[in-house]
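Take a look at the following structure, please.
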Amino acid sequence: MLLAILLGFAFSIFLVFTGKFFKGRISILAAGIPLALFVYFAQFIGRISDGEVITQFHSWIPAFGVNLGFTLDGLSLLFSLMITGIGFLVFVYTSAYLKGHKYLDRFYGYLSMFMAAMLGLVLSDNLISLFVFWELTSISSFFLIGFNNTSRESRKSALIALAITGIGGLSLLVGSIFLGSITGTYSIAEMLTMNPEIASNPYYILIVALIFGAAFTKSAQFPFHFWLPGAMKAPTPVSTYLHSATMVKAGIYLLMRLTPVLGDHEFWNTTLIIVGAITMVYSAIHTLFRTDLKGVLAYSTISALGILVFLIGQGTVDALTAAAVFIIVHALYKATLFLITGIIDHQTGTRDTTVLRGLRKVLFPVAIAGFLAALSSAGIPPTIGFIGKELTYESTFHFGNMAILLTGLIVITKILLLYAGFVAGIKPFTGALPERFENTKMPSFLMWLPPVILAVGCLVFGIFPGLIEGSLVKPMVSSMGLDGKDIHLKLFHGFNVILLLSVITIALGTVLYFTLKPTKKLEAWIAKFEKFSPQTIVTNSWAFFFKFSNGWTNLFQNGYLRNYVATIMVFTIALTGYSLFTTANYAVDFNSFSPITFYEAATSLVMLVAIGYTVFTRSRLAAVASMGIIGYAICILFVIYSAPDLAMTQFSIDTLTVILFVLVLYKLPKYLKLSDYKMRIRDGVLSLAFGTIITLLILEVLAEPVNKEVSDYYAANAYILAHGKNVVNVILVDFRGADTMLEISVLAIAAIGVFALLKLRLKKSDQR
Amino acid sequence: MTDIFVAIFSLSGAIFILFASIGLIRMPDAYLRISVTTKAATLGIGLLLLAATIHFQDFSITTRVFAIILFILLTAPISAHLIGRASYFSGVKLWKHSIMNDLEGKYDKVTQELKSEDVEELKKRKKKEKELIKKKPLK
Amino acid sequence: MKTIILRTASTYLLPLLLMFSIFILLRGHYSPGGGFVGGLIASIAFVLHAFARGLDNTKELLKIHPGFLMPIGLALAFLAGVTPVLFFDLPFMTGIWYPGQLPVIGSLGSALFFDLGVYLVVVGVTLTIIFTITESA
Amino acid sequence: MKNRFLSNIILMGIWVALTGEFTFANYIFGFAFSFFTLRMITTGSGNAKYFKILPKVIAFIFFFLYELIKANLQVAYEVMTPHYNMSPGIVKIPLSAKTNVEITLLANMITLTPGTLSLDVSDDRKVLYVHSMYITSREEFIDSIKNGFEKRILEILR
Amino acid sequence: MTLHEFIFYIVIPILSISMLLILWRFLKGPSIVDRIIALDLIITIGIGFIAGYSILTNRPSFLDVAMILALIAFLGTVAFSYYIQKRNKK
Amino acid sequence: MEVILAILIGVLYAAGIYMILRRSLVKLILGIIILGNGANLLIFLLGRVVKGSPPIIPADSDVFQSVYADPVPQALILTAIVISFGLQSFAIILVKRAYKVVKTDDLDEMNAIDKDS
Amino acid sequence: MTQQLVLYPLLLQMFLSIVLMFCWRKISWQRVISIVGSIINVGVSIWLFSYIWENGTQIVLAGNWKPPFGIIFVADTLSATLVLLTAISGLAVSSFSSASVVAARLKFGYFPIFHFLLLGLNGAFLTGDIFNLYVWFEIIIISSFVLITLGGEKAQLEGSVKYFTLNILASMIFLTAIAVLYGLTGSLNMADLALKVAAIENRGLVSITAILFLVAFGIKAAVFPLYFWLPDSYHTPPSAVAAIFGGLLTKVGVYALIRVFTLIFVGDQFIENIILIMAVLTLISGGLGALVKNNLRKVFSYLIICHIGYMIAGLGLFTEVAIAGTIFYLIHDIIVKTNLFMVSGLIFRMRGTNSIRNLGGLYADYPKLSLLIAIPLFSLVGIPPLSGFWPKISLIIAGFQAERWWVVGAIIFASLITLIVIAKVWASVVWKEKKELPVRLNFRYFDKLITIRKAQMIAPMIFLSLVSLYIGFGAEHIQQVSSRVAGELMDNQQYIEAVLGK
């Protein structure tokens, strides 16, 4: 299985380097891969339906507990077949749809990368590696949605999709890590037995909420649904593959996969039912107001995903069976509808339902496929759609005390979806063919065959449900931890309430289809509600957030150096001040200090006055000279306190600095009076506070005992071992000679810097 | 005995320095201040340093101190000269009771050249010379 | 500066100050001084010369660009530090001492060469900085 | 050649005195070192006859010290008494001294004695501008300088 | 009175007072030249102080600092004059 | 005396920060220098100060016979002073160059970089 | 031979700098010396790393003075790792510089100073002496000053004034902290300090000293609210300089924080909380800044800040898992950020601007280079299994275990913002149609470069991209290193014993 996944990645990398050589032939090569993989996974059907679970384990990063553990059971098998099967058809379809496109090789690269990621996602047993693949699907989806990268809209949609699914991805990551932390493993298989412990863990709600965050964003549940219609900017094969058949189902997959781990808890069930219900009804209503075929399909897809979440939320055997069947149903008919929409778009140049009519005359095989898919979507027998709908009604109708309400909702949804299916699958083909479409040509069989195959699937599986019952549905239900023995798929369940509901659904739906025609007016009408939609709310909050970000950034990063310094000082003063006043013991022992002599006092006074003068003088040169006096006073202090070497150095450096200043200053203008009174007060307070803290700190430190171990060692060995009597110099060239080596390096670098700063003049063309 | 010499030398040195300092405060213009301080301080420092040589009575210290004194004697007048000159450049006025100023108008503002004669006079003379030269060929 | 007095004095001050600087360099191990202050005095000598007689004269006197003293000095100090590593398998900066005493200098050891390196770097740095500024002033 | 040799010896002496170590090696080192220093800095040529003028130098030193102390006391008096007794001004003194060394030495001596300050030498080296605290008349002042310091300095240096 | 006391109570205080007097001139100015004179003189006094202090503490090594002060103070004055001359050059 | 030194150091720090907070580039550099002086004195004082006993072993002995000042802070300060010198001279030239290119000493005017955000 | 091994990277860099100074104007020699030297340096660093990996922490006593008296150099796993990463980034930038830095700059000491900077970085990682660390920091600072001003353009100067002032301020605070530490303990050896600081009774003083270190290193590491110098300066120098700055300079601050707060100041709850709060605000502030900026390099600058937050968060959480996350992130970030700034340089050479608004069309013009650019970009986001992803696991686990939800929240927030920012950058720089910009006269566009220069620019990006792919896909190895480092850091007794014996 690892190889199967790697094959996709390898192929996409391979394309990057060799894409140029293959040109047109690339399609054959590309389509071969999903086909091979489909065959590979299909051969497991027998073993899986016998109840076997095939696992594979590759150690990857044991340090994190992250491994490439793969599980092939009912659930992952179904998804794998869908991914590779529909993948194959989409690959084939693409070869015609994007024939001669400049970047066809890249497109296949992304597509196969996506396929591989998707396979990895559904096969992974390890939550972290699942997350890895999850993110890869988001990223490859980003590249695919933005494939028409010169279109502003495409780029925007790709970004929104990435942002929303990115939030979900991170939510999944955190959820997985938390789950891993409380269970001690990332292996889903190992977690299966821990359901009660997890459910009783105090973090259960948090973890489930995080997992929901992931599933709802990926599967476009209300209120995160809006990225999906936007993602329809992608080329049709992408919409088909990612946004109806596979990627959006990753959230569904996750919920199904974790049902045995996290399910069977009130929070889990209620939330899923509510969110699913809102999503399915909300977006089903939206389909009524769309004139773009892809828009209709997008909203009906969201609605279908809502139905799935709704079913998973019920969590009963019936509901999960219904969900399992509905996944297949939806994959078949929705993929078909998308593909034919692509054909219509490709051949006629429009997807506008208000003008598309009578195309059966020019696109007959496509019309057949559309008709079958529409039937399946509407749940009209003998398509498999009917079975799916019956199961859905069955489980909902028997679900607890809210059953009537929930059934009502699902029926309304189904009615609306029937309308949507008809609009997409039947309407373009019926009626008279307008003049403008008369010259429409049949596309290459590579394009129309895939939808036909899928549409035929809708019919065949409907007539022979046994084909999928034992092989796919039962194993799938059992891999969700439930007993699937009693499942029997059949078209006719006998006359009962469920059948009645079906009849009502079909009847009302058909009436709706014939009475309500999609118009621009309707579309405009619903647009009025846009300002209350989640998308608008999110967009507005994003705008607000962006404004806030700008404000926040500019508040701190305002370009004024003095504000930066002030902020840093405030921070430092606050922390040190707090520490000092809360913990210091103020044990200053004045007796331990030496008495003040006349000359010390005089020197200090000189220094103090010079400092004041340097700070407040208005003359630049006087400030520099006065700084010279500060340095001089320090030099005298160094003499007084036994540091002749220091005094020498201090004084010579001080003089040199003054000289440098003098040499530089004579080109500069006079000081201007720049800061106002208030600013001076603020700065004064700030600096005095800092000075005070330093003084207090010094007094505190001076009260502490002294340790002279190191300097005593130096003193004792300076002459005996290091052959010098000036201990300071011995330290500089021997004990701590490395410092000195660096110190002269600093000087050399500074000199080079000065040299370059003054001599180097860049040519205009070399500047930024 | 040496202590007494040390005391005398150091005290007189200090006093000369004090004079210089008071001079610096009291003298009315920059030139006078320079004038007063250079010498008094030089002498004062010299005496203090001599006191140190007497105190330590060590040959290497003595030579070193003499080197310092020599150096001060060499550089102090140059400093004074430079500052004095700089004062004149920066337009420091003479004390109002000064009795003469031969330097007035001798510096060329542009080239900072110092003439031995008045710049204006020089110009006049050159003009005259030119006129004379002009006249010559006529004769 | 156009002053005969300073110009004349600088001719005599230069050798005097240079000698002082070497003196201070060599005795640093025993009394206050050392490579750093020594180097500063040496550079002051040249700076003074440059002030008095113009930069071009001083540069002519120096013959090489003062900046070139920096790598030389660094190399010398580095060699003094790295010699024990290369030849004695001792750690970096380990003092290597010539047994016995030399006149003036006292003990001769790698520390002295190190200090000499410091001296040269300081001269190079100070002169580079001040000369560059003066030139572009 | 001769001058260089002399300067060399003098510098060596200063070196030995400075280090305070009168050993043979130190003389050699001092000699070698000052040799290199001189070689490095020799651009122009000086012209000094060291030995002939030695007695005059000593005499001059005593004269100078005398002037120094005398004038210092004068200034001290000026500073310490409440009223100003001075009559300062800048005087132009024509120079007999010709070489740089002569002029420099003269100017410095004038500066070092209290009450007077050499401000500058004219670019054509013809005159020296001196600031003085006590001027009675221009001629008298010029005379005192020319017959005092200048004469003695020129005696030594020529 | 010992020499130590003499230096401590008489010589050094005189020098310290001189230092403060000069500081006064430095603050008062009025011209930049006055400040430079004050700076030069205060350093010169520093040399004297160090001489006195070395007698006081009986440590000749401080005299080396005096030597450096003498050598370098001169350069400072030269630089300032250089500056003033350049500044006034039109 | 230590108390006075402590206050002096506090004043140096305060003055340094105050000058760094001004708008003039020259004052900024002066502030940095003053702050550096404060830091050096701080090392010096916290290493504990001793009067009149430089850490130089007397000529006639191999080890100290009496009390001596701690040489370690002195060596550290020496290094710090020299490093500061390198930085300061660089900074001073930076002022010069900045003035030439940006044509101002006012730090508030040096914000062109923010215009092209 | 291996006795002095710890010093070899330092000696080599010093040697290179000096040799390069001798070759002052011969820039083609300098190019060769720098690249060859950097290759040797990578070899030496690998040698050092593997030696440390086999034999544990090694020390060298400079001057052969026994600890704690002399300066000591210590290579534990953390130091050896960082030295290796410096060598790798250094090699990449050395090659990139040869191609992208204009000859005028090369003639004014670019390469010697570049190697001094690397020397400083290595030294800071290897030293075991707090004052020596200060000196190394100064080497780094002054080299970076020179590099950031080299050329002296207007923007460069304006940026460098801020860079200069705030970094100097940091140094002063650092020096103040060292002074206090010396006043309290009389020692400078970090291991010895660890022992002596632990024995101080006045904990308040210890706490204040720790805060001073926090501020000093916090400024260098560009942590909120101390990072202001960074966004105002990092976009101004040549890209090669920005690359080494972006990759390594702030990390040395992070390293210092890690070292000091795992070795000397351990177990102060107050400080740990402060660090955590700072980390969270850093994550947020950096992210917000990156979101709103429109200059590619400014965006990257803010992302540097943002991602420093991860590392600091790990330090603040202060568990073995968290520190391992910090170390892993550090390793990843050095490589990727270096690469990113080289990418910005490449883009600048292609288009003559770094303004996101004016960029576009890379995808059409340079399809393969776009894919190369994608690797560092998406590694930075941490799209799994690329390198930025793994350390977040450790950090989130640590946050969960400590029940610091707000820290986890900030980590997630920063990840999301990074994702959005990078996607935005990708969409507008790579995808968006090319905007016709006025052609810059005499500007050396990428297309016009000779092949060898092109190769010198592209090869280091490929090199670093491969390294970051290795970090991602070979996360097992990196995690082993990180865990071992975390283990060593959490038990400071190990370090102390390695240095002081016993």
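The letters A, B, C, D, E, F and G name the chains in turn, as written, and every chain counts its residues from 1.
As a convention for this text, a residue touches a chain if its C-beta (ideal position, glycine included) is under 8 Å from a C-beta of that chain, and two chains touch if they have at least 3 such contacts.
Composition by chain, UniProt nomenclature: A = Putative monovalent cation/H+ antiporter subunit A; B = Monovalent cation/H(+) antiporter subunit G; C = Na+/H+ antiporter subunit B; D = Na+/H+ antiporter subunit E; E = Cation:proton antiporter; F = Na+/H+ antiporter subunit C; G = Na+/H+ antiporter subunit D.
Since the structure is predicted, the reported quantities are computational estimates derived from the model, not experimental observations.
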{"item": "Required minimum of steps from subunit F (Na+/H+ antiporter subunit C) to subunit G (Na+/H+ antiporter subunit D), each step between chains that touch", "value": "1"}
{"item": "Chain labels contacting subunit C (Na+/H+ antiporter subunit B) and also subunit G (Na+/H+ antiporter subunit D)", "value": "A, F"}
{"item": "Pair joined by more contacting C-beta pairs (A-F or B-D)", "value": "A-F"}
{"item": "Remotest chain, subunit G (Na+/H+ antiporter subunit D) as reference, centres from CA atoms", "value": "D"}
{"item": "Chain whose Cα centroid lies at the greatest distance from that of subunit E (Cation:proton antiporter)", "value": "A"}
{"item": "Interchain centroid distance [CA atoms averaged], subunit D (Na+/H+ antiporter subunit E)/subunit F (Na+/H+ antiporter subunit C), Å", "value": "40"}
{"item": "Geometric centre distance via CA averages, subunit G (Na+/H+ antiporter subunit D)-subunit B, whole Å", "value": "58"}
{"item": "Whole-Å gap between the CA centroids of subunit A and subunit E (Cation:proton antiporter)", "value": "70"}
{"item": "Mean-CA-position distance for subunit E (Cation:proton antiporter) and subunit C (Na+/H+ antiporter subunit B) (Å)", "value": "27"}
{"item": "Subunit C (Na+/H+ antiporter subunit B), residues touching no fewer than two other chains", "value": "1-3, 5-6, 9, 30-33, 36-37, 40-41, 44, 47, 67, 70-71, 74, 78, 92-93, 95, 125, 129, 133, 137"}
{"item": "Contacts with two or more other chains, residues of subunit A listed in rising order", "value": "557, 559, 561, 565, 597, 601, 640, 642, 644-645, 648-649, 652-653, 656, 659-660, 663-667, 694, 701-702, 706, 708, 710-711, 714, 725-726, 728, 732, 734-741, 743-755, 757-759"}
{"item": "Residues within subunit E (Cation:proton antiporter) bordering two or more other chains", "value": "12, 15, 17, 19, 32, 36, 53, 59, 61-62, 64-65, 67-68, 71-75, 78-82, 85-87"}
{"item": "Chains that touch, pairwise", "value": "A-C, A-E, A-F, A-G, B-C, B-D, B-E, C-D, C-E, C-F, C-G, E-F, F-G"}
{"item": "Of all residues in subunit F (Na+/H+ antiporter subunit C), those that touch subunit A in their complex", "value": "1-24, 26-28, 30, 33-34, 37-38, 40-42, 44-46, 48-59, 62-64, 68-72, 74-75, 77-79, 81-90, 92-97, 99-100, 105-108, 110-111, 113-114"}
{"item": "Contact footprint of subunit F (Na+/H+ antiporter subunit C) on subunit E (Cation:proton antiporter) as seen in their complex", "value": "53, 56-59, 61-62"}
{"item": "Residue numbers on subunit B that touch subunit C (Na+/H+ antiporter subunit B), as the complex places them", "value": "71, 74-75, 78, 81-82, 85, 112-114"}
{"item": "Interfacial residue positions of subunit C (Na+/H+ antiporter subunit B) with respect to subunit D (Na+/H+ antiporter subunit E) in the complex", "value": "2-5, 7-9, 11, 14-15, 18-19, 22-23, 27, 57, 60-61, 102-104"}
{"item": "Interface residues, subunit E (Cation:proton antiporter) side, partner subunit B - complex", "value": "2-3, 6-7, 10-12, 14-15, 17-19, 21-22, 24-25, 31-34, 36-38, 40-41, 44-45, 47-48, 51-52, 54-55, 60, 63-64, 66-67, 70-71, 73-74, 77-78, 80-81, 84-85, 87-90"}
